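So, here come the structures, one by one.
Two complexes come next, and they have one chain in common, subunit A, joined by subunit B in the first and subunit C in the second.
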Partner chain A sequence: MFRLEVRTSTPAWFNLALPLLAIAATLILCSGLIALAGAGVLESYGVMFTASLGDSYAITETLVRAAPMIFTGLAVAVAFRAKFWNIGAEGQLLAGAVASCFVGAIPMPGPLAMLLMALAGAAAGAAVALVPATLRVKFKVDDVVSSLLLNSVIYYALMALIEGPWKDSFSGYPISPPIEDSANFPVLIEGTRLHLGVVAALVAAPLIWFLIVRTTLGFRIRVTGENPEAARYGGIHVERVLISTALLSGALAGLAGVGEVGGVHFQVMSDISPGYGYSGIVVAMLARLNPLGVVPAAIFLAAVMTGAEAMSRATGVPAFLSDVIQGTALLAMLVALLFTAYRIRRVGAIG
Partner chain B sequence: MSAPLIEMRGITKTFGALKANEAVDLSVAPGEILGLLGENGAGKTTLMNVLFGAYAPDAGEILIQGRPVRITSSADALAAGIGMVHQHFHLAPRLTVLENLLIGIPGKSGRIDRTGGLARLAEISSQHGLTLDPDLPVSALSVGEQQRLEIVKALFRGARLLILDEPTAVLAPSEVEGLFSALRSMAAQGLGIIFISHKLNEVRALTHRCTVLRHGRVAGRVDDPANTTSAAMAQLMCGHEIVPPARGPSVPGAGVLTLDGISTSRHSGTALRDVSLAVRAGEILGIAGVSGNGQRALAEVISGVRAPDAGRMTIAGQTVSRFSPREVQALGLGRIPEDRMTTGLVTNLPLADSMVLPRIGTSAFSARGLLKPDAIRAFAEEQIKAYDIRCPGPMTRAGALSGGNLQKALLARELAFDPKVLIVSQPTRGLDIGAARFIHEKFLDMRAKGCGIIVIGEDMEELLVLCDRIAVMYEGRIAGTLDSADATVARLGLLMTGAEGHG
Partner chain C sequence: MSAVFEQIFQVGFLAAIIRIATPLAFATLGEMFSERAGVLNLGIEGIMLLCAMTGFTATSLSGSLWLGVLVAVLTGMLMGALHALFTVALGLSQHVCGIGVTLFSSGLAYFLYRLIFGQQSVPPSIKGFQTLPIPVLSDIPVLGPAVFNQFALVYMAIIAIPLAAFVLYRTPWGLSVRMVGENPRAADSAGVSVIATRFQAVILGGALMGLAGAFLSMAQFNAFTFGVVSGRGWVAIALVVFGRWDPWRSAGAALLFAFVDALQLRMQASGLGHIPYEAFLMLPFIFTIVAMAVMSRNAVAPSALLKPFRREER
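Up next, the complex of A and B:
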């Protein structure tokens, strides 16, 4: 017989082992679905792998997809460290996209446009995140619920915008006008879509890591998240820390939207985000809220997304398997996290 | 006595490299109250968790009435007639007393047997004097009542052996006698009881026999606790003699903490009503009183987490204006809280983080918003060495430390910055004699250095040993202040019940 026993410390190698274990478990569990769809499991995973990481072009495509999830993953990781339950990265991303699209459509020199787009997008995301944070600090409103519900509000506001004032009067499509050509993010490798925003995402991760681990703000975020009472008695202004965290988290999610507008779509439409904000939660959990871990976790999910499309074309397995893999990975990781708190022991015979 | 009710033979339990229990033998006869003694970390709780099925032992066997049994879960333990009252209660706060009792007990055809439950509760209550209102939600019960409910719960399920892990640590002195008479009445009916406590006078008053653990092994047994001195028991526990520290005469200086007409509004618990106090440099002032008479509000005001509605407070001559923890700290206040885990430390983060928490913004540990990780680590390492805090290192999770070591860590963190005033609540709750002695010594050192110390406590013996003056709180007021030379338990007791005093 086996039973769970409380653990007093967690070995360091767990940080690496747990996500890998969760991913392995996910792929095994999902192979059943592939078999059910009548395709070869190894063949399908093979196609997924080559299509997403098999050559340098595939890799750049995967990175382009990973970029927004790195930003939303960082947004969620920062927020969850302070136990500010920001489920609203999706709405913050959309707000960032809209704001940067506004700015990008104004004629001005390219570099200035890009800078202002980033600032506007970050500010818009931060402003959206401020709502659930303020409601929680001032009125003790549950932040999970308020940040989640706000996603729908933002989404329908965006729809109203592209169906209304922004609607393309010529074609009638519900899309915004494009941003100025000069505001398009430069492509770094000729013939690919690898844009400047991807590099920004890759640079953001170590910066956020530094902020969490090495700055007093990061210290306050960690302590507030783990024990707000001790933080308060220790002279930390807990409400102020929560608000700062929310602003930072929202700004990061907003930047995800900026990258999509400036580097990928050059305009805003209703499906600009296939749920990158929600994927950010999966990414942050796989990374165990470590900003450095967010990068590989986001790349994994991006590879699953690009890979699943190719697999569906090659083997006929529906592409929404990618959503199933994401969901399963989150559940597997949550189960795996149990092992940081408990260990399994065999109950030996007594007497 | 008759054959043992329960016998543990050769129990060994290891956590990694640590042997928490090693070849421990223990037995309890029906009707016997067994004391289980030992320093912090000696392995008492671990041994009881093995008996209760929470841990599987690495070696050894458990016999109930001479028959070997396997206990692998608390359900097994309950079925075998073993009940345990943990230090942290396991109750459902939103459910009523009766509902808590009936959890997990199969009712008639899927329905809760309310009448049967009420009758059984009434029977148990009247037998042992454990009265409880069956319809009150648990969240409305005092700590003492919750403990009573845990005991009744165990009896409800037919426990023949009851384990109590430091039950008196959470009780006011006045509640202890009630608990003891209930336990005696249960023993008289043939129940076996295992009683864990660090307070040796309680052990001597209650138990029939004691088993003493040291470093996980049985260090000795005491067959006649009532006629054994506390000093002899302490020696058995620690392996060496414990001498109480001597409090020399002090020369109090100027007032370092003054409260002048402080009142608070009702918030949670008793409010303060026109409290005036002064602690002078080089003096230890005790605050005695039955808990719930405003001590909590007093500690909150002094710590700067609650602003009073009226009155003035000064620290080292400076008026406190904003009442924030940061302000009072900056003026020179150190604080050692009663609840180490909730308002003191951050259990899930490295110990070093907790040790620098109140001063993270100062130049010692950060500059221009950046932490100084080397300084933080060095500080923690230094304190770990200076205070002999037992742990693998500064990066250990704070929650993994034992109570005594946590208390030392908090003490180290506050004393490192030479506070002018120190406010302390229940400084030795849950600590063994040796650790308590160490803490007392540190307070006396600080006093000699000219620090003013205010100790809020319920243990009058401790206050009498430690304090120069003792003020008694009653219903949010200072009922009177006595010089410790004139103070006796009896005089303090009188003030604590609200009798008018002059001092």
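Up next, the complex of A and C:
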């Protein structure tokens, strides 16, 4: 006989084992779709791997794709740590993109422009995240729904801008005017698209980890998430912590948009984010809300995305497989997390 | 100014409102049943998309519209069951699972559509539902051609609203749904199976989301495109809150949104676009967020929403 028991603590190797288990389950489940498409499973995954991580150029492309998801993953991880349910990283990213593009179009020395773009983008993202946080603190409004609905508000605001007053008069398409050439983020390795923003993302992860694990604010965020009553009893101003968390989370999501404008697109268009905000939720969950884990999790999703396009060309399996993998990975990870709450224990037969 | 008014408020305008409101009414009622039982279903956006795809595909391959509707409804029920499996049976967090279901369903919809139809320069289309005038009633001036000369699915939505209210407020099952959404502990003590009731409500919700998806790809657009749902699921999430989790109010909210949307389309078409159309599309979301702040003191949301139920935890 087997019985489920509630776990009181989880061993450290779970942090690595659970995401790997979830990813393995995902790849096995999705191999059914590859077979359905009439292609070889191992061949398809093989192409996916070599095209995304097989050579140094492919790795740089994957890193470029991972950068925005590192930022949104960090944004979600920080927020979820405090149990501030920020589903709005997508809108915060868009707000950050708009603000940084606006600043980047003003002629000024390059380094100053990049600094101001980052500040403007982070501020815009933080401002958007402040709305659901304030509503929750002041009016007890559910943050899940309010942050989700704000995504649509921001999206339509962006569309109104790029189809209206902000439309690039030269192109005729609904896109914003480009930023100044001097504001384009420098490319670090010639012949690739690896830009400064990617390094910023890779540096942000350990910084946020340090903030969460080693600083007073991080301690307050964790305690507020784990036990708000105890936090309050311990003299922590829970409402203030929630607001700070939201500002930090929104700023990180905004920076995802800054990187896309400054390093990849150099302007704003309606599809500047193929759902990086929602991918951030997948990344954060795979990382078990650990900022250091966000980096490999984002690289995994980015590799799947870049690899899927090559796989589609080589084997004819639709590239949309990467979207299915993303959704399946999130659900598989949630199920795997049950192992942290329960353990299966063998017990003697009764009677 | 009167010329502007005439241009906007034609008979066709009323008919357009009804048509825009139909998928929203189905989706809103579906989400409402789920939430009344205590389960937020953020999978709605993806579920509608997947149902639009499966319904369209079934019709395209078989030639039967009603078979397509059936397939869409079954798809919705299946995805509802999946969401319930994660959130009700396993007690996983509803919002994260919902996002997972949306990512999974929309990915699957795109993948299967591309697999079945390939990449074509002109997207395949079907001969969708035709209007079905109801004798006598459709002869009523103004109201007749607008309301009673519509697709069969529109009539189904009109019937679904009072039916949903009846089921929720006047049947034992409806009482169980409201109990497990308000106070699952008490419902359990009264012998109501919380798990089973929540499963049923989420699956019924999925079926209604399926009808919403079917309407989009089989009556409104007669094709499946990647933007066929384009945020209508999120609109439904907003309308449920705005309609205070009540079938009549939610349907009314859908109608109000459809009015604003139809107005926006008319203004765009007639070149009166001084106000960007996006401003109208934003309205339901902004109204809902404001309404949530105003209503929050009255606590109208189902008390057990977002809270998983585990029997052993007392």
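One rule holds for everything that comes next: the second predicted complex is superposed on the first by the 342 of 351 C-alpha atoms of A that agree within 3 Å, B and C clash if a C-alpha of one lies under 4 Å from a C-alpha of the other, contacts with A are read in each partner's own complex, and residues count from 1 in each chain.
Assume contacts are C-beta pairs under 8 Å (C-beta built on N, C-alpha and C of every residue); 3 or more make two chains touch, one makes a residue touch a chain.
Being a predicted model, the structure only gives us computed values, none of them experimental.
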Subunit B versus subunit C as contact partner of A:109, first or second or both or neither: neither
First (subunit B), second (subunit C), both or neither touched by A:220: first
Touched partner set for A:36, first subunit B, second subunit C, both or neither: second
First, second, both or neither for A:274, with subunit B first and subunit C second: neither
Partner chain(s) touched by A:156 [first = subunit B, second = subunit C, both, neither]: second
Partner, of subunit C and subunit B, that touches more residues belonging to subunit A: C
Residue ranges of subunit C in contact with subunit A within the complex: 40, 42, 46, 86, 90, 92-93, 95-97, 99-108, 110-111, 114-115, 231, 234-235, 237-238, 241, 276, 278-279, 281-282, 285-286, 288-289, 292-293, 296-297, 301, 306
Complex contacts: residues of subunit B adjacent to subunit A: 15, 55-58, 60-63, 68-73, 303, 305, 324-326, 329, 335, 337, 342-349, 353-354, 357-358, 360-361, 366, 369-371, 373, 396-397, 399-400
Residues of subunit A touching subunit C in the complex: 33, 36-37, 85, 87, 131, 135, 138-142, 144-146, 148-153, 155-157, 159-160, 163-164, 275, 278, 281-282, 285, 318, 320-328, 330-331, 334-335, 337-338
List of subunit A residues in touch with subunit B within their complex: 1, 3, 5, 8-9, 214-220, 222-223, 226-227, 229-236, 345, 347-351
